[in-house]
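Below you'll find the structures, each written out as structure tokens.
Shared between the two complexes below is subunit A, which has subunit B as its partner in the first and subunit C in the second.
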Partner chain A sequence: MASTTPAPSESAKPFDIVATYNELLRSDPDLTMPIAAIEALVLLLTHSPSSTISETLDLLEKSTAHLKKSIPNPIGLSAGTDLFQRYLITTLQRPGQLGPAGDFNAIRAHLLSNGRLFIRRAKESRDKIAAFGRGFVRDGSTVLTNGGSRVVASLLQKAADDKGGPSAVRFRVIYVLSPAKDSSAEPEGMETVRALRAKGVPVATIPESAVAYSLGKADIVIVGAEGVVENGGIVSRMGTYQIGLLAKAMGKPFYAVAESHKFVRLYPLGQYDLPIEQRVIDFNTEEDITDGHKPQSVAHSSDVVDFTPPHLISALITDSGVLTPSAVSEELIKIWF
Partner chain B sequence: MPSTSMALTPGLASFLRSLKTNPIDTSIDNLISLLKRRQIRHSRSCATATAYLLLRVISACRTSDAAKLIERVQSVGRRLVAAQPKEMVVGNIVRRVLGLIRDEAEDDREADFNLSEASESQPQTPRALDGSDRGSSRPPLSQPAPISMFSLLSHPEPETSLPGTPASASPSGRLLGHVQSKDVRAEVLEGVNEIIDELGQVDDQIAAYALDHIHSNEIILTHTSSTTVQKFLLKAAAKRKFTVIHAESYPNNHEATHATVSGNSTGDEEILSTESFQKPLIALGITVILIPDSAVFALMSRVNKVILGTHSVLANGGLVASAGTRVIARAAKVHQTPVVVVSGVYKLSPVYPFDFDSLIEYGDSSNVIGYEDGDLVDQIDVQNPLYDYVPAELIDLYITNLGGHAPSYLYRIVSDHYRKEDISF
Partner chain C sequence: MANPVDPAQTSPPSTSPSPAPATQQSTDMSSQQPPSQPPQPSNGASKPAKPPKQPKSKDAPPAAGGAPGEEKLSPAELKKKAKAEKAARRAKERAEREASGGAGAGPGPNAAPPKKGSTGGGAGGKEAPGQPYKSQRHRRGSATQASATEQKKKQEDKNVAVFGHLYGQPRRTTIAGAGKEVHPAVLALGLQMRDYVVCGSSARCVATLLAFKRVIEAYTTPLGTSLSRHLTTHLSHQITYLSTCRPLSISQGNAIRALKLAISSIDPSVPEASAKATLSDFIDNFIREKITVADQVIATSAAEKIQDGDVIVTFAGSSIVKQTLLTAYKQGKKFRVSIIDSRPLFEGKNLARTLANAGLEVQYSLVNGISHAIKDATKVFLGAHAMTSNGRLYSRVGTALVAMSAKERAGGVEVPVIVCCETVKFTDRVALDSIVVNEIADADELVPSQPLKQVTGLPDPADEADTKKGDSKKGGNKAAANAPPAESTPLPEGASPLTNWKETPNLQLLNIMYDVTPAEYVDMVVTEMGSLPPSAVPIVHRMSTNL
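Let's look at the complex of A and B:
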């Protein structure tokens, strides 16, 4: 499905990476941003008949820069593009059939033919995380979570499945729902809530303002992440940071769940150090009655992110195991140097 | 003398003696029952017993096939761990041995591959290539990680795509089967002997760092009769004068602690069999103050450094140590006193503590309240936890036989010592 989507755009005009990326994300709700970015780059390679290594790398670099510029929040996707680029370079440098001595077309063919495989692996890594993370959801425990993270959803569902049927389910979920983009649509995460309830897991939904109040009833906090940065902190939807602070204050373990392809080479020093512009704090001297206090310049309230520093995170549950936040930098260093 | 005491109290010494004569299966059952009955209990005794048993198992396993060897060690290991899951060092030693076998088998396969590079059969090529490349480009310690991030994109062979998962045990086993090498077993036996040597030397190696951490006129607080801590302090005492405040760790370890402080070792402790000849700190002119556990907080403001022994260390930097440790660590945190934990690397477990409660072992409640208080025993519920879980944020420094590490760095040592595929064997 994913590999066939750009077909219509291809005939009309030269390959548009931004459109492809958006199309990929739209067509498959299960796709994460880094994977969509990798997919888009693979499709780009399909459409461009480059035959030398430097030509390819140059093309990738330019398209990546273009893509990053056109997307309001490129943190997630830059993890994917960086990973793809490093993989390509590492593979090309390595001796062997895919290396410099070998056929450049071989690696090209490998990449192109495996677009599907990447997506499948990305989804598999979610299962792997669920398998690791299952251990955190104990019998009789209450889990507080937020947002619409698919990894968290699969982890919780796996845990629910594990206990074997509705009668034996022994954990409860407090789901923090943030208001939807427009009041008519249901808030993100409702789908997971419904799925969990269908499995017999008691789920309570609370607004973001009730987190501090409800945290006393929770045993652990599990959140998803859009990107995991170099110092082990996470970039995640707005509101995660405050949950992290509250969990720390209350001494509750705070776990972040993310696939390792979301590790991104960024070192933010604070909230306002992220390489994206989000006008959340919008000072005004005049009261604007029509807009209320909603920051209209922000595209959607669910698109804004905040940064949760590593000292608030007890552990990162990734497909390469349960990592301490300081282990992230090492994983990143290994692919870059 | 030894024969009578041995017959009365089965333990590490009697087990090691019987190991030479008994058949393997009897020895395995013997160790399992010793572990279950807690007749072997201290971390190092358990580790030593496990290492010796595995040494025997491997030497008796007459095969040159690494896969079979791994299978055999795994099955024995599983039974031992099931016998006493809270004694994590048993699992650690089994994992170390499994890692040894895998390393040897891989070295062998690589050598094999390099010799017959040209004529290698197709299905084996990608993995072997992968392996040799990894070996040459960087030290073998760091090999799993690049793959873990690239696993998404790497070549679609199942062998290359999942090198780090438990599932890969069987494919790699199949590949290992290719190698018909005689000295895998000999090399592994040598490696196990090295582990045993390490277990014997670990306290001395740790003690070698003592002078870096204990300075003149410092006041050190410690807890329990841990030999690692005692050796550490003794080493420093040879050069420097300092004061030791020793919490007695009532009710489970106070007798041993008293004996350690006074130097009148009763000798019934199996771990003290050699160390009992050791001079106590007071003999070296160190002022040792024995205090009840309840006085820890009151005295903490005067203490310069807390040095603790441990039962096992977990991958997240937390640790499981004798009950009372957490109180001390917490008190030290309140007073901003550095907490140093001395522990051999063999105590470092790759297990992530999902459920802290399950790590705590409960002991004989008659230590808390004797049966002579019959009336009370009827009416109240007495619990005697033997261990405490101490979270990583309460610890400032770990000193292992490899040196000093921050708690957040322990994951690295874990990944250096255990293979990913062995974490849940």
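Let's look at the complex of A and C:
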């Protein structure tokens, strides 16, 4: 994903968390941002010779802040780092061998092994979601989806498999593709389209401008999410919000698919209340352009996100079950307290 | 019933509404009391014969006769008994007054039965004409009373029928008659709360806890009982007194519950001094954790939501909203505040002054001007009296109107409505409307010629909104619209037309304190445990009470 040049790391630190994070994302296309962040933090702990709890926590906090600052859109990432930090603190507070009184080396070993276990589990959660979600794809239905979400892809592929291979496929997909940044590259999601077609699922690809037109032919809308926020809304690829609005207007069920580690402790009140700076709307006059200020259309890049409020979402399909948007805060509170 | 109008001024009809509930109550009480008091012996005794029965009940259980028998009564029974006695006394007084008034015997007994019928049947017959009640016509048709009695009844009843169940005991006006157990600090606090000197859910909660701390400090356990057992009942007296001054707020209830739990969990073997120290610490901790620090946390996290260029609309005077706005201002954010206020408490005036003094840009208007005030709003911040378990906001009357105006603003972008509320204000109760649970204040507060009858505190400082106030006076009293203009008694110059509302037939004043804002109008609840959607209120409440 966004490969920003890693900011000059503090001189004392031989381990560059930003580079590690970006490397992890690049090397494993199946990795989500929160998991990559957690994995990077686990690696950081293995590399750093911290010997006390407070030192560990301090290091973690500093690296997290550094990582968040260096990545243009830290929403998905912060879900992972927050979760890891929370996990660490609860583990350390627990009485017993691994508590504050215990041997720190044992604690560290435990943390690292558990951190790896967590990562493995998180990767498995995609299958779990697919198992929960495939029931939503009914025989003879048409699914409208967008973006390049891996969870949605795996859900749809699972549904296609489920129906007994190419001969018995009974659902169709309308795939909303947004044009790629440069015209030479293929649009995001094309891979999923190919995979689905290979399984015999009829797929139609439409541009974003045709969503309203095509929605009449669709039965359900399934989208992925970059982060699920506290009020049950989702932060997702630019364009999801408008699909949500249209689906609501047309009375089509709108499902968001997300792993539960994507739940973020964030409460946006609207599109412009996200903690990231996106220059989507960029006003220019002719004068500005001649002055050398180039109007950049970032709206089509894969980095920009929008916020879909909870009242547009019928349900969230997660690995802890199918939740209503209002149940998200309950899940989050359970994690945090 | 509120301020028993002095006999000179009373025309007979205005006094007679009161005896009805009183006599009713007293009959209820006397019929309830005997069976509960002597359960075994006096089955044969006729119920209404009270005087012959009492000696009987004293004689019958020989083991616990006379005075010791009375001591054995549980506090609940004692309370019931005291109430019954009071009611009886009041009824007697009233009867005397009526007899002296002349019209006496006739309307007295006449008034009681229709009253009973109407309270039993709910709304209906006692509506003022013009109020759109569907059942009214039907009821009237079925009613067999003579039109004369009906007329009388209408004149008598000054309680608004839909809210009839909320008119309980009138608020206490003096400390006379308070129990001797009630601590002076509590006595003073009660009156301060009654006069809105101590006003606002959090302030009342803190003040109550501090007063109780003094009660506990002054408390010594009587011989033959333990602190954990006796202190609770001792506190109950204070609580009862406070609730007669003004009904307790949700936060007070929650705090008292926590305190009682702390008292009952004290080991009886702990020496009194250290037990009292523990309780004092508990109270201090409670105030700090649940209110002081909670407020700081809420203010900081709510202030994050304020951005440069925002126009913040707020209603009345919430202390936590004030803190939030000041915090945001101190962080260097540039925003405007629009305070919407309402009669009769004008809580927003204080807020406006504080914010303006701090340097913020403040606009002050009354709720009548809501549509203008909301036009350029970008966010709405509201305080809370309580949050109910179905996510609804129970707050000063008018809040729902502000929230609705923000959410249903025609043609505009949605304005987020943010509620700042400590978790101590969460309740497991559910509110579907603002009728079932509410508080009714003295309707005289609505009569503008006598603004606020304050016994303590400062006079109203801000006069800059004088003209607006004048406007509102005309429009504010919806109930007045129905009043027939003709009045026999000429009013003095400058007096409000409502001054004699108690004597004006067909006129009822309603001074309701709270309303309920639906959960759909609330976008976010900022608590010390984080920001929540209103649907998460019951979960957080469960967690914060279990901890």
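Rule of thumb we're sticking to: the second predicted complex is superposed on the first by the 299 of 337 C-alpha atoms of A that agree within 3 Å, B and C clash if a C-alpha of one lies under 4 Å from a C-alpha of the other, contacts with A are read in each partner's own complex, and residues count from 1 in each chain.
What we mean here is this: a residue touches a chain if its C-beta (ideal position, glycine included) is under 8 Å from a C-beta of that chain, and two chains touch if they have at least 3 such contacts.
Since we're looking at a predicted model, the values are computed, not measured.
In the model built by aligning both structures on subunit A, subunit B fits alongside subunit C without clashing. By the touch criterion defined above, A:T90 lies against subunit B but remains apart from subunit C after alignment on the C-alpha atoms of chain A. Angle at subunit A between subunit B and subunit C, computed from CA centres in the superposed arrangement: 50 degrees, to the nearest 10.
By the touch criterion defined above, A:S326 lies against subunit B and subunit C together after alignment on the C-alpha atoms of chain A. By the touch criterion stated above, A:S51 is placed in contact with neither subunit B nor subunit C. Of the two partner chains, subunit C is the only one that A:E230 touches; subunit B does not reach it. By the touch criterion stated above, A:L269 is placed in contact with subunit C alone, subunit B being left untouched.
Residue contacts after overlaying the shared chain place A:W336 against subunit C, while subunit B stays out of touching range.
In the superposition on chain A, contact of A:N105 is made with neither subunit B nor subunit C. When the shared chain is aligned, subunit B comes close enough to touch A:H261, but subunit C does not. When subunit B and subunit C are set side by side, the one touching more residues of subunit A is B. When the two complexes are laid on top of each other via chain A, the two nearest Cα atoms from subunit B and subunit C are 5 angstrom apart. Shared contact residues on subunit A (touching subunit B in one structure, subunit C in the other): 326, 330.
The touching residues of subunit C, when paired with subunit A in their complex, are 305, 379, 414, 416, 418, 523-524, 529-533, 535-536, 539-540, 543.
On the subunit A side of its complex with subunit B, the touching residues are 35, 38, 83-84, 86-87, 90, 94-96, 98, 110-111, 114, 117-118, 121-122, 125, 128, 135-136, 138, 260-261, 263, 314-315, 319-327, 330-332, 334-335. Of all residues in subunit A, those touching subunit C in their complex are 230-232, 265, 267, 269-270, 273, 310, 326, 329-330, 333, 336-337.
Contacts from subunit B toward subunit A in the complex involve residues 129, 133, 142, 144-146, 148-156, 161, 164-165, 315-317, 352, 354-355, 408-412, 420, 423.
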